[in-house]
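For clarity, chains are labelled A, B and C in written order, and residue numbers in each chain start from 1.
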Amino acid sequence: MIEFKDVSLVYPNGTQGLKNINLQINPGEFVVVVGLSGAGKSTLIRSINRLVKPTGGDLLIDNENILNYGSRELRKLRTKVGMIFQNYNLVKRSSVMKNVISGRLGHTGTLRSMFNLYPKEDLALAYRSLERVNIADKLYQRSDQLSGGQQQRVAIARVLTQQPNIILADEPVASLDPPTSHQVMTYLRKVNKEDNITTIVNLHFIDMAMEYADRIIGMRAGEVVYDGPVSDVNEATFEEIYGRKIRDEDRVGGSEDE
Amino acid sequence: MTEFTLPPKPKKTPWQKMRPYIIGIILLAIYIWTFTSIEIRWSRVFSQHTIESLTRVIPQLFSPDWSAFGKVMGLMWETLLMAYTGTLMAAILAIPFGFFAARNMVRNKFLNTASKWALNAIRAFPELVLALMFVAAVGPRPFAGVIAIAIGSIGMLGKLYSEVIESIDMNVVEALEANGANKLQVLVYGIIPQIIPEFLSYAIYRFEIDVRASTILGIIGAGGIGTLITIATTNRNWSEVGLILLVIIVVVTLIDIISAQIRKRLV
Amino acid sequence: MSKTNQPTLQGISSNKTKLRISAIFIIIVGFYLFTSIKTESSLLDLWNGKNGFINIAQSLFPPHWSYASTVMPQLIETLHMAIIATTVAALISIPISLLSAANLFPNPFIHQPVRFIMNVLRTIPDILLALIFVGIFGVGVFPGIMALIIFSLGLLAKLLYETIESIDMNPIEAIRASGGNTLQVITYAVMPQVLPQFVSFGLYVFEVNVRASLVLGFVGAGGIGLLLNQQVSWANYPNVMTIIIIIFISVVIIDYISNKIRERLI
């Protein structure tokens, strides 16, 4: 369980990233955080694995305040929290397999990892992760030879190899075309259901949020302005969150039922 | 858990399969050859003599002998004058080489290749080797150093100039030719304005290199502060060497900074 | 701009620009006249000294080919010095360039001092380092190798840290987010990105070191320079020409091979 208790974050340049956030996210939930760019979505999810450090309040994961963690505990936390990025963040010159196995780094000794000495189970896990996102055939290809959607699937496989309890996805489909976006979201949703991994996704497309989320959190100017199950959400809710009328650019389109 | 094996790696051509081994063997051979045939007299390197020198030389290097400051600065000034003279000579003499080597200016394959080869040939030799020859030719004086600097710089500037010329916008030239401009007019109005800033920038950059090069020419008698280095090291006057070192570091750094500023404003 | 109906034109460029260009031109030429007289290197000196050059050029021919057998071992020693120095400098430059990269070690108290030392090393001419090391370690190849190592370290570290600073930071974030430590970040996210450039710079520095090692023998620091200096001072010009030709051929071959490899790397 993830609990935000009055969490605030002020960046060194004075920008307020988060303002008194209070949230409780239950195990296995698929939460979509929506809001315009600059609303603090990214800061919110990056607080959970401490890529950014909140300056006030308590952030509890399984009843432990992660804001007090030192670097060793932090690394341990991060092995349990997988992250997916807008730009896939793969090492482009390395092979798909090398990128996926790097999900095991937190579990592997420094020396072993430097000489690629992974236990068989880890290699098997990496391969099975690739199979789960249907990209096992690209195993030995260089990552930069893959399309954007394929790279994002490799990134999902990397996270699966971590065997996380939580997956954070920061605008995972912002660089993809509509059909590929749906594919990536479907995989994320599938993983969430099959492994019961708490999944928190930042999106700015309202139709995607409606289609895949269990629960929607709306943010504006660093504050949570909406929090509720997806069944309660309609277009008016989004207009409230965004503080303006919904436009065409807020939809990705290309969903199967259209 | 069932026995797991990763799928086989994609088939490689024999060459792809052998390549890392071949590279490895070549590298290994080079290193074995190097380390078995190099003659380092370790007994001298790790001798009582070395320890004595270390304890004598190092502290003296770090306590510069300021009484020699006037003399050192005088020769550093001469070094800068040598570098300036050599660079300017080269900056001008390299222009014809640059034009001859540029394919879009001189449409004569033989001339292009000949000039490129001449420039490459010059660049194969360190300035110090050139200077050694010129000292033999005209005697141990700054003149030998200046000529060595000038020739060495022509090698590099000529090549850079030709690259600049080859990259100019030829449409401008074409437009002027269409207007009925003659060759000289095309040069003055169409080509020179395009190349001047980069030519200047490269010449100034080369001046930086030449200042460094000039500091050591004196070691073989070709003038400048190097003359003093030879005397000081022969006399084992390490605190004077320390001062020379300090002056070189400061002057070279200053010249680099100033030159970088000027070049930034040029281009 | 003049506000009258009939603007007073000043030609193509403004008077101010003309004045500035003329002033700069006069200063550059004037200073050249001063320096060329001071260093006794004016065009007049060149004309007067032409016989010296012609005499030397004539006495260089024909080269004394049988001398080549004496030169070759020295040439090989020179290459060995460059190989060892480049290898050692490359190994040392890895940790140093990582420490100098502001994107990996944002703390200025780490990267600034390292960069400062490397900048200072680059300003010291290698032959001057060789002179000092000859003073400490005595005559031989060891001081020469030491001088080459230190000089090329400064150069290589600078080239490398600039490459590291230009890498894609996204994979680094990903490795950190999955719990990797600093060493793992370096081996998994930094090294794959910089390795081709690293090898390329290593080869480039080898080219530089080959040229530099040719002259180290002038100050007793090993290699072919010793022979060259000796033969010039004995005015044995056919032998000198043999050495020059051998240097020329080997430098051209090494540059050619190194360039071909570097082209294929990137």
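Descriptive notes on the structure:
To be clear about the criterion, contacts are C-beta pairs under 8 Å (C-beta built on N, C-alpha and C of every residue); 3 or more make two chains touch, one makes a residue touch a chain.
What you see is a predicted model, and the numbers here were worked out from it, not measured in a lab.
The chains touching subunit A as well as subunit C are B. Relative to the centroid of all protein Cα atoms, the closest per-chain Cα centroid is that of C.
When the C-beta pairs in contact are tallied for B-C and for A-B, the bigger tally goes to B-C.
Distance between Cα centroids is largest for the pairing of subunit C with A. If you average the CA atoms of subunit A and of subunit C, the two centres end up 48 Å from each other. Here the spacing of subunit B and subunit C, counted between their Cα centres, is 5 Å.
Centre-to-centre, using mean CA coordinates, subunit A is 51 Å away from subunit B.
Those residues of subunit B that touch subunit A in the complex are listed here as 1, 4, 6-7, 9-10.
The part of subunit B that touches subunit C in the complex is made up of residues 30-31, 33-35, 37-41, 44-45, 49-50, 53-54, 57-58, 61, 78, 81-82, 84-86, 88, 120-121, 124-126, 128-129, 132-139, 141-143, 145-147, 212-213, 215-216, 219-220, 223, 229-230, 233, 236, 238, 241, 245, 248-249, 252-253, 256. Subunit C contributes residues 168, 170-171, 173-181, 183-184, 187-189, 192-193, 195-196 to its touches with subunit A in the complex.
Across the complex, subunit B is touched by residues 28, 31-32, 34-36, 38-41, 45-46, 49, 52-53, 55-56, 76-77, 80-81, 83-84, 87, 119-120, 123-125, 127-128, 131-132, 134-138, 140-142, 145, 211-212, 214-215, 218-219, 228-229, 232, 235, 240, 244, 247-248, 251-252, 255 of subunit C.
The part of subunit A that touches subunit C in the complex is made up of residues 49, 51, 75-79, 81-83, 85, 87-94, 98, 102-103, 105-107, 110, 113-114, 155, 158-159, 162.
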